[in-house]
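Two complexes, one shared chain (chain A), two partners (chain B, chain C).
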Partner chain A sequence: MGWQLIRFWTLLVYLFMFLPVAVVVLLSFNASQFGSFPMTGFSIRWFVELAQNEAILRAFRTSMILGALTALISTTLGVLASLALVRYRVPGSNLISTLLIAPILVPEVVLAVALLLFLNFMSINKSFALLLFGHVIFTLPFVVLVVQARLVAIRRDIEEAALSLGASPVQTFFEVTLPLMLPAVLAGGLFAFTISFDDITGTLFWKPGGVETVPTQIFAMLRNSISPEINALGTVMIVLTVGLPLLGAAIARQLARKSGG
Partner chain B sequence: MSSVILTDIEKHFGDFTAVYKTSLEIPDGSFVTLLGPSGCGKTTTLRMVAGLLDPSKGEIRIKDRRVNDVPIHKRNLGLVFQNYALFPHKTIAENVAFGLKYRGVAKEDARKRVQDALELVQLPSVGDRYPKQLSGGQQQRIALARAIVIEPDVLLLDEPLSALDANLREDMRVELKRIQERIGVTTIFVTHDQSEALAMSDRIVVMSAGRVEQVGPPEEVYNTPASEFVANFLGASNIMDATVLGREGDDLMLDVDVFGRVAVPGRKAADVASEGPAKMVLRAEKLLLTNRDEPADGTVAVDGTVEAVDYQGQAVRYFVRAGDRQLQAINMIDEHPFDEGAPVSLRLRPRDCAALPAT
Partner chain C sequence: MSVESREARQPWILLSPALTAIILLLFVPLGFIVVYSFWLRTATGADQAGFFLDNWQEALTDSFYRDILLNTLKIAGITTIVCALMGYPAAYFIARSRGNKAILLLLLMLPFWISYIIRTMSWINILGVSGALNSVLIGVGIIDEPIQMLYNETTVILGLVHFLLPFMILNVFVSLDGIDETLEDAANSLGATRWQAFTEVTLPLSLPGLAAGGLLCFVLGAGTYITPLVLGGPTDAMFANLVFEAIITQLNWPLGSALSLMLLAVLGALVLIYNRYLGMAQLMKGLG
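Then we have the complex of A and B:
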C-alpha cells in the first residue's frame, strides 16, 4: 500500500518535470499560428522560420563559438590543474582544490554580480572575452572534478614504466596518461560545452550589448510575444543538450572497449 | 667489473630515515636480491637506482657513469613492478615495442625483436591481444619482455612475483632465473620472500629497518648469518647465550646454554672476540632428534622432551624443551615422527654452529 503511494507520487513528479518539455517538443511541430493547443496539423514550418531568422542564427552561432571555446579552455586548464594537484603535489594543493571547486558552491547570481563589480572596479568594459572568462570559471570545476577522479585511478607505476623505457615526461603524458584519461577529458569538455550553452544567469550579467546567446535570445523574444518559433528553438536546445552528452558517453564507452575494458 | 655501485647513499623522508648510509657493488651480469621484511627500505633503494627517487646523500654509478643527475628515461633500465603496469590501451606487441620507439629502432627490426622477446617469455602468439585479456602470470611475462627487449644495463624487479598465486610463483621463479641467465643481464631483485631469494640469487643483500645486515651468496647468508636478525629472518634458528672460553686451533670454544662445550669453526665465528659473552646460532634443520639410547658419535647431545609437533609432510617441525629453553628442530621423517611428550636426545654437530657477538 505504502509502495503504491510512493510509486504514484514518483510518477506525478516525473510528469510535472517532463510534461512541459514534451509539450514544447509537440507544439514545435504544430501548424497553427499560435504556440498553444489545440494542434491544427503537423508541420515543420517553425523550424524553417527559425533557420531564416537572422537574430536567432546569430545567437546560435555565438552560443556554439562560446560553448566550444569554453570547452576547449576549461578542458585544457582542468587537465593541467588536475595534473598539478594529483601528480605533482604542489604546496597548498588542498586550498587550490577548494578554490577551483568553489564556483559550484557559490550561487551563480552571486558569482555573476561579484565578477561584474570587480570588473567595474577595475574599469574594464564588458566584452566577449569577458563572457568567455566567466563561462570558463564556472565550468572549470566540473572538468576538474571529472578529470581528477580519473587521474587518481591511473596507477603511477604505469607512467613510471613508460619513463623507464625511455619516454620523456612529456612523451609519457601524451602516450600514456592522456589516452588513459581521454574518456574523462571528453566528458569534461562536453559538460563544459552544455553548461555554457545552457547558461542564462551569468550570461545576462556578463554579455556585452548586442551580443545574444540562444538562451538570452529566447528570453528576449519571450518578452515581446510567445511565438511558435520559440517552441522550435526549445526543441533544438533539448536535442543538443541531451543528445551531446549521450553521444559523448557512447564515444567514451567505445574508447574503453578498444582498450580491452 | 661492477655494473651498479652505490656509495654511501642515504634516503630521508622528512625526519624519517628510510635508508641509512649504504654502499653496495653489484657485479656485471649477477643476480642480486634485496631481501628484508616489509618497510625495511628495499623499494626505496631500488627506486633510487631507477631514478624515481633522489638519494639524500651519496653517489650512484651505473656502468661507470655517475647517474645521480640523470633522469630515469635516460638511464636505460628495465623495470618490472609487482602489478605488471602494462599499458592497458596498447596491445601486447605495442607494449613490448614501446621502449624501442625511443631508441630509434627501425620498424622491421623492432618487429623481430618484439617477437624474439615474446618467444623468450614463451608467449609468442599473444601480440594482438590487450593486457586485460591475459592472466596475471602472462601479464608479468609480458612486463618482463617489455623490460628486456630494450637490452637494459640493469634489470630492476620489485616483488614481481608477489601478486601471483603460490604454484605459479614457483614456476615463474624458475622461468625468471632461466631468462636472466640466458641474456646475462645484471639484475636487482626485491623480495620479502626468503625462499625466492635463496633459490634465485647469486648474492643476497639482507636488509632490516633501513640498514644492510649482510651481503653474501645464499648458502653463506643461510649458514653463517652475520646477525641475529639474519638468522631469524632466513628460516628458523635457535639462538643461544654462550660464553667464549678461548681458541683451540681454528676453533672457537664456547660454553653454550643447555649444550655445554661446543667447538665452533673459526670461519663461522669471525666477528666474535676471544673471550666474553657471545651467541651461538643453530639452524632448526641442523638440530637432530634421536632416541636417547643411540650413540652420540661426534655430536654434542643433551636430553629433551618433545612439547609440540607440527607435521609438514616429508618433514616435521618439533618444539622441544631442554633445561629451561624451548628449541626448534626441523627433521626429515625417517619412519614415524616422535609424539608429543616423547623423551628424546637432541644432537648437534659443532661444524653446523655459528657464533655471533653478544648484542
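Then we have the complex of A and C:
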C-alpha cells in the first residue's frame, strides 16, 4: 500500500514538472488571437509569424553564434584541463578542481556584477565580447565536470599500446586518445551550448542595449502580457534544447559502437 | 631538458588556459568589486575612488536591505523544504523501481535542458487570468469571474520549486541509488517494520544527498532575480533584485558591489559550512 502511495506521489511530481511546459507547447498551436484558453482550433500561424519577426530572428542568430563560440572556447579549455587532472598526478589537484568549479559556487548574479564592473574598468564595455567572456566562464565548470567524468572511463593501456608500438605522443593523441575522447568532447560542447543558449541571469547584466538573446527577448516580450508568439518561441526553444542533446547522445552512442567502445 | 621535468610541466601547460581564464574573469573581478564597494558614487554620476564606508553603512544598517535579505532567506528556505518534501519520495521511487528506471531518469534530466525563463513563464499559462486553471474553474461553475492568482509571494515560491525540484530529486536519487537494497531486507528480517527500516537505515544513509540537494536549492533560489520579476508582484523583490536595480537601473555601482558582496558572504558561508562537514564530492556526484 505504501508503495502505491509513493508511486502516485511520483506521478504527481512528474505532472507538476511537465504539465506547465506541455501547456506552452499546446497553446503555441492555438488558433486564438490571445495566448490563452480556451483553444479555438489547431494552427501553425504563430510559428509563421515567428519566422517573420525580425527582432526574434535577430535574437536567434545572436544566441546561436554566442552559444557556438561559447561551446568552442569552453570545451577547448575544459578538455585540456580535464586531461591534465585525469592523466597526470598534479600536486594540489584538489585545490585546482575546486578552482575550476568555482564559477558555479559563486551566485551567478555576483559573478555577473563582478565581471561587468571589472571589464568595464578595463575599458571593455557591455558588448558581445563581454557576453562571450561571461558565458565561457560560467559554462567552463560544467564542461570540466562532464568531460572529467567520461575521461576517467577511457582505459590508459590502449594509449600505452600505441606508444609501445612506436607511435609518437602526438600521433597517439590524435589517432587514439582524441577519437576515444570524442563522445566526452561532444557532450561537453553540447552542454556548454545549451547552458549558454538558456542563460538569462548573467546575460541581462552583460548584454549591450539593443542586443537580445532568445531568453532576454522572451523576457522583454513578457512585459506586455503573454502572447501566442511567446508560446511558439518557447516551443521552438524546447525542441532545440531538448532535441539537440538527445540527438547528440544518439550520435555519441553510434560513435562509441563504431569504435568498439 | 630531462624527461621528468617535461612530464612535470605538461599538466600545467594543459591547465594554464582554464586557470588563467578563471583567475582573470572570476577571482580578479571579485577582488575588484571589493575595492569598488569602498568607492563613492558622486552627485555628478562619476565614481570617486577612495576608501569610503558609506555603501557598507547603507547596506548593513538600512532596514530596507535587511528586511529583503531576511525575506529572501525565508523564501529560499520554504522553497528548499517544499522541494525536499516533494522530491524525496519521487527520488525513492526512481531508485527502487525496476522496469522504468531509465525512462524516469531520462525524464528527470529533461527539465535541465528546458530554458529557465520558459519554465518560469509557463505558470502564467496555468494561473493567469485567462489561464488553464481559471478556465477550468469557470467551466465547472465554481467561479463566475476569473481570479488573479499570480504575482504574489506564493507564485514566486511555486516558480522556484518548479525550477529547483529536479536538482533535489537528482541529488537524493544519486545517494539512494548507492545504498545497498539488501540493507533494508536485513533490517526487516531482524524484526524491523518497513517504516522502521526506512527511518533507521535508508533515511540516515541518504542524508548526504538530501543535504547536497538542499544546498543547491537554497543557494540557487536565494540568488535569483528573474522569478520575482516574472511571477512576483511589485513588493516581492528578492535580494538579487536589489543588486540588479543598483547596477542596471540606478547605475550606482559602488553600492551594487557592496550588495553583491553581502549576498556572496551569506551564500558563500553556507557553501563553506557544507564543505566543512560534507565535502564537495557529494555535490559533484549530483552535478556530473
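Worth pointing out:
The criterion applied here is as follows: the second predicted complex is superposed on the first by the 250 of 261 C-alpha atoms of A that agree within 3 Å, B and C clash if a C-alpha of one lies under 4 Å from a C-alpha of the other, contacts with A are read in each partner's own complex, and residues count from 1 in each chain.
Just so we're on the same page, contacts are C-beta pairs under 8 Å (C-beta built on N, C-alpha and C of every residue); 3 or more make two chains touch, one makes a residue touch a chain.
Treat the numbers as computed from the prediction; the structure is a model and nothing was measured.
Look at chain A after the overlay: chain B and chain C fit there side by side. Look at A:G78: by the touch rule set out above, it reaches chain C but stays clear of chain B.
The partner of chain A that touches more of its residues, comparing chain B with chain C, is C.
With both structures placed on the common chain, the touch criterion links A:L131 to neither chain B nor chain C.
Contact with neither chain B nor chain C is seen for A:L186 once the two complexes are overlaid on the shared chain.
With the two structures brought together on chain A, the opening angle seen from the C-alpha centre of chain A toward chain B and chain C is 100°, to the nearest 10. Legend: residue contacts after superposition of the two complexes on their common chain; A:D157 is shown touching chain B, with no touch to chain C. Once chain A of one complex is fitted onto chain A of the other, the partner contacts of A:A232 are absent, as it touches neither chain B nor chain C. Touch criterion not met for A:L69: it reaches neither chain B nor chain C. In the superposition on chain A, A:F16 makes contact with chain C only, while chain B stays out of contact range.
In the superposed model, A:R7 makes contact with chain C only, not with chain B.
For the pair chain B and chain C, the model built by superposing on chain A gives 6 Å as the shortest CA-CA distance. When both complexes are aligned on chain A by C-alpha atoms, no chain A residue touches chain B in the first and chain C in the second.
Across the interface of their complex, chain A is touched by residues 50, 52, 71-79, 81, 83, 85-90, 98-99, 101-103, 129-133, 143, 146-147, 150 of chain B. Contact residues on chain A toward chain B in their complex (touch as defined above): 155, 157-158, 160-169, 171-172, 175-176, 179-180, 258-261.
Across the complex, chain A is touched by residues 7, 10-12, 14-15, 17-19, 21-22, 25-30, 32-33, 36, 86-87, 89-90, 92-94, 104, 107, 110-111, 113-119, 121-126, 128, 130-132, 134-135, 162, 165-166, 169, 194-195, 219, 222-226, 229-230, 240, 243-244, 247-248, 253, 256-257, 260-261, 263-264, 267-268, 271, 280, 284, 287-288 of chain C. Residues 2, 6-7, 9-10, 13-14, 16-21, 23-24, 27, 34-38, 76-78, 80-81, 83-85, 87-88, 90, 96, 98-111, 113-119, 121, 133-134, 136-137, 140, 142, 144-146, 148-149, 194, 197-198, 200-201, 204-205, 214-215, 218-219, 222, 226, 230-231, 234, 237-238, 241-242, 245 of chain A are the ones that touch chain C when the two sit in their complex.
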